[in-house]
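All chains are identified by letter, namely A, B and C, in their written order; residue positions are counted from 1 within each chain.
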Amino acid sequence: MKTSFVFSGSGGQGIMSAGITLAQTAMRMGKHATYLPEYGPEQRGGSAKCTVVISDDPIVSPLPRRCDNLIVMNNLAYNKFEEDLKPDGLLLCNASLVSEPRQRDNITVISAAVDDLAEELGNAKAANIVLLGILIGATGIVSEEAFLQSLEDKFKAKTPGILQLNVAALKKGISIGKPYRA
Amino acid sequence: MAEYKRSTMIADAPSGYCPGCLHSLATRLVSDVLDELGQGDNSLNVISVGCSALNILYWNGDFCSVAHGRAPAAATGIKRTNPERLVFAYQGDGDLCAIGLAEIMSAANRGENFTVIFANNQTYGMTGGQMAPTTLIGQKTTTTVYGRDPHSTGYPMKMCELISTLEAPVYVARFALNSPKGVREARAGIKKAFQAQMQGRGFTFVELLTNCPTNWHMTPLQTLDYMNTNTIPYFKPGVYKDITE
Amino acid sequence: MSEKRFMKGNEAIAEAAVRAGCRFFAGYPITPQNEIPEYLSWRLPEVGGAFVQGESEIASVNMVYGAAAMGTRAMTSSSGPGISLKAEGISYLASAMLPALIVNISRGGPGLGSIQPAQSDYLQATKALGHGGFHAMVFAPNSAQEAVDLVYEAWEYAERDRNPVMVLMDGCLGNIMEEVELPPMKKLTDEDLPEWSLTRRNGRDYQGNITPIYTEPILEGINTMAGEMYKAWEEEDVKAESFLVDDAEYVVVAYGIASRVAKEAIMALREEGFKVGMIRPITVFPYPKKLIHDLDYSRVKGIIDIEMTIPAQMREDIELQVAERCPVYEYGRSGGCLLDDEGVYDAIKAIVTGGAD
């Protein structure tokens, strides 16, 4: 079973970090994963995109044309990559910045105001983790436990509150995503 | 009266330099100082491109011959990996201040702990006497047949003055090899630079004003006079920076 | 003892180099290879090595020249535009017979081109890395793991041959993160320092010299020896992978990232019954000539050259071996537009079903 994810938005929205953490978590669970970032030339505010492939078998091509899951953080990313989503894929939108995602084919659309949700939890920077929580809740691609372990590794050296904030963000996201689980 | 002996660093082979060329005196000074400091075997001569490359023919110590202008870069790789060695680059003026300007300024700015001996004869000797960045105003060369015109070619580049503006270098000095006094001072300057390197103090730079009887179209004696009346007034000898103490 | 890590290709190369005994790096920033110098800037000092951020690619490769002359395992890395600048120094390394590793994480070209990945430096890497008619062995891994394995062995070849080695990858492989198993740290001592080198840590007590300039009869001898060395590489050092070639009617030839995308497409085509296989050069110099030459052309109906550059650069190497015994097709993306599995699938299928040439 091979599943592909495209995360896209603008620089600074935690796109790359979300992709890496997901891939690392899959590897932690004994799966195979590739993470491929694509940057624009800008250091700030440019477009950011990464492709993650997760599979039970070693990954041959890390460059799928179309993805099973598309995660878009703003309108620009949505318009640019929407057609790369497979007909029965999952579209996950940051409703805080993506105005009106179009329903097409048999795709599942989840639209959540992750910027606002993260801000309510204490820091808008955790929006990418809320988003990952939704993705994990909806797809079950990695387990909550394994992802919590990744968060712990990622944030253990930082200020104490940061880890708790991200754990809360993850749980919030999972609660939103779970009802969509096929 | 001291006995005049062949330096151990110079092989019993023809130097390849033209009669009256001060390059051979310059390398002789370097080799004498290495002998005096007992550093012959420990020294490493980074040989550049141009007449300075003729060192290959008769240098008796370890040497590494490198690309045109890149001696300070190669010396960086050498000294960083083998800091126990006494490393010096021997470069001419085309090599050092035209094609190798970035390398010399950057090595000096990093304060690399090696010594650059800079032989400045104001021309490209080996390729047949073309204009160098150091060629004097009005001086005739094969690419400035009516004399160097500053309006199209700029002015002779003063490397000691430039390098001494940097923070890192610890010793920057210029000597003229056209007089016994200048030769004695140059020898002392080279020794000071090598000693500073042995003490790990940082980048040292010794410029030696030399001549080119062949491409200046003069007898060797005429070149010494020319240096007094033309070269030395523009490229003033002296110690430009010394923070070795 | 080996260990598994989820690592970026560039960082995996850097760590593999350290474990292979590399103790000197000089380089200049250029996308998409910056993680290599960034990683080595802190990692090399940890193991007693030296890192220098050079003032240019030209200076950097010459710093490597100096370090290599001392017998130190030294490397530099860059991307297309910077490799062009290093060309002078690489030629001098070959002339002075100095071992060193040059890594090219290539991008779109020519000129400043694009910072996005592309396989646009094949001809430069395999035909003329600099002036004067010399070659370096060129490894073209297709994964972070294979990059680790080849970098780990690079100096064994470089020191055996006293010649630089290049690792040629593209920005995808440099920036991809995947699982790698890292080899143990090679333990090298002063006694391992080459006899010809200018260090005296190996106990050498006679004069030594390194030079890239020779007088006439000596240089001709050196050129002749180099020619014999290149021939020996072809006999002994070619590395390549054959995938489902035995019954293949169409054979894809692809290296590096292109080979991974092509393999995925071939697997899909096989499921539909199309007899497609692949030859993947791992060394692009020496080239796996024999594998392509010895194909059974009574069965093989076409060769398909797939590269992430337009026009295909490997095509002439392929055509020389095919010798007009079947058609040679090419498909590629270029200029920072990436190959993808469906695009390659469509292209191969069109050729196999006769819908394209």
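Note that a residue touches a chain if its C-beta (ideal position, glycine included) is under 8 Å from a C-beta of that chain, and two chains touch if they have at least 3 such contacts.
These figures come from a predicted structure and were not determined experimentally.
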> Think of each chain as a node with edges to the chains it touches; is that a line, ring, star, complete or other?
Replying inline: line
> Farthest from chain C in C-alpha centre terms, which chain would that be?
Replying inline: B
>> Count the C-beta contact pairs for B-C and for A-C, then tell me which is higher.
In response: B-C
> Cα centroid separation between chain A and chain B, in whole Å?
Replying inline: 62
> Using mean CA coordinates as chain centres, what's the chain B-chain C distance in Å?
Replying inline: 40
> If you average the Cα atoms of chain A and of chain C to get two centres, how far apart are those centres in Å?
Replying inline: 34
> Which chain B residues touch at least two other chains?
Replying inline: none
> In their complex, what parts of chain C are in touch with chain B?
Replying inline: 23-24, 26, 50, 52, 54-56, 58-60, 62-70, 72, 74, 88-89, 92, 96, 198-201, 205, 207-213
> How about chain C: which of its residues touch chain A in the complex?
Replying inline: 6, 31, 115-116, 172, 175-179, 257, 260-261, 263-265, 267, 338-343
>> Give the list of chain B residues in touch with chain C in this complex.
In response: 41-42, 44, 46-47, 53, 56, 60-67, 70, 73-82, 85, 102-103, 105-106, 110
>> Touching residues of chain A toward chain C in the complex: what are they?
In response: 20, 23-24, 27, 32-39, 41, 59-66
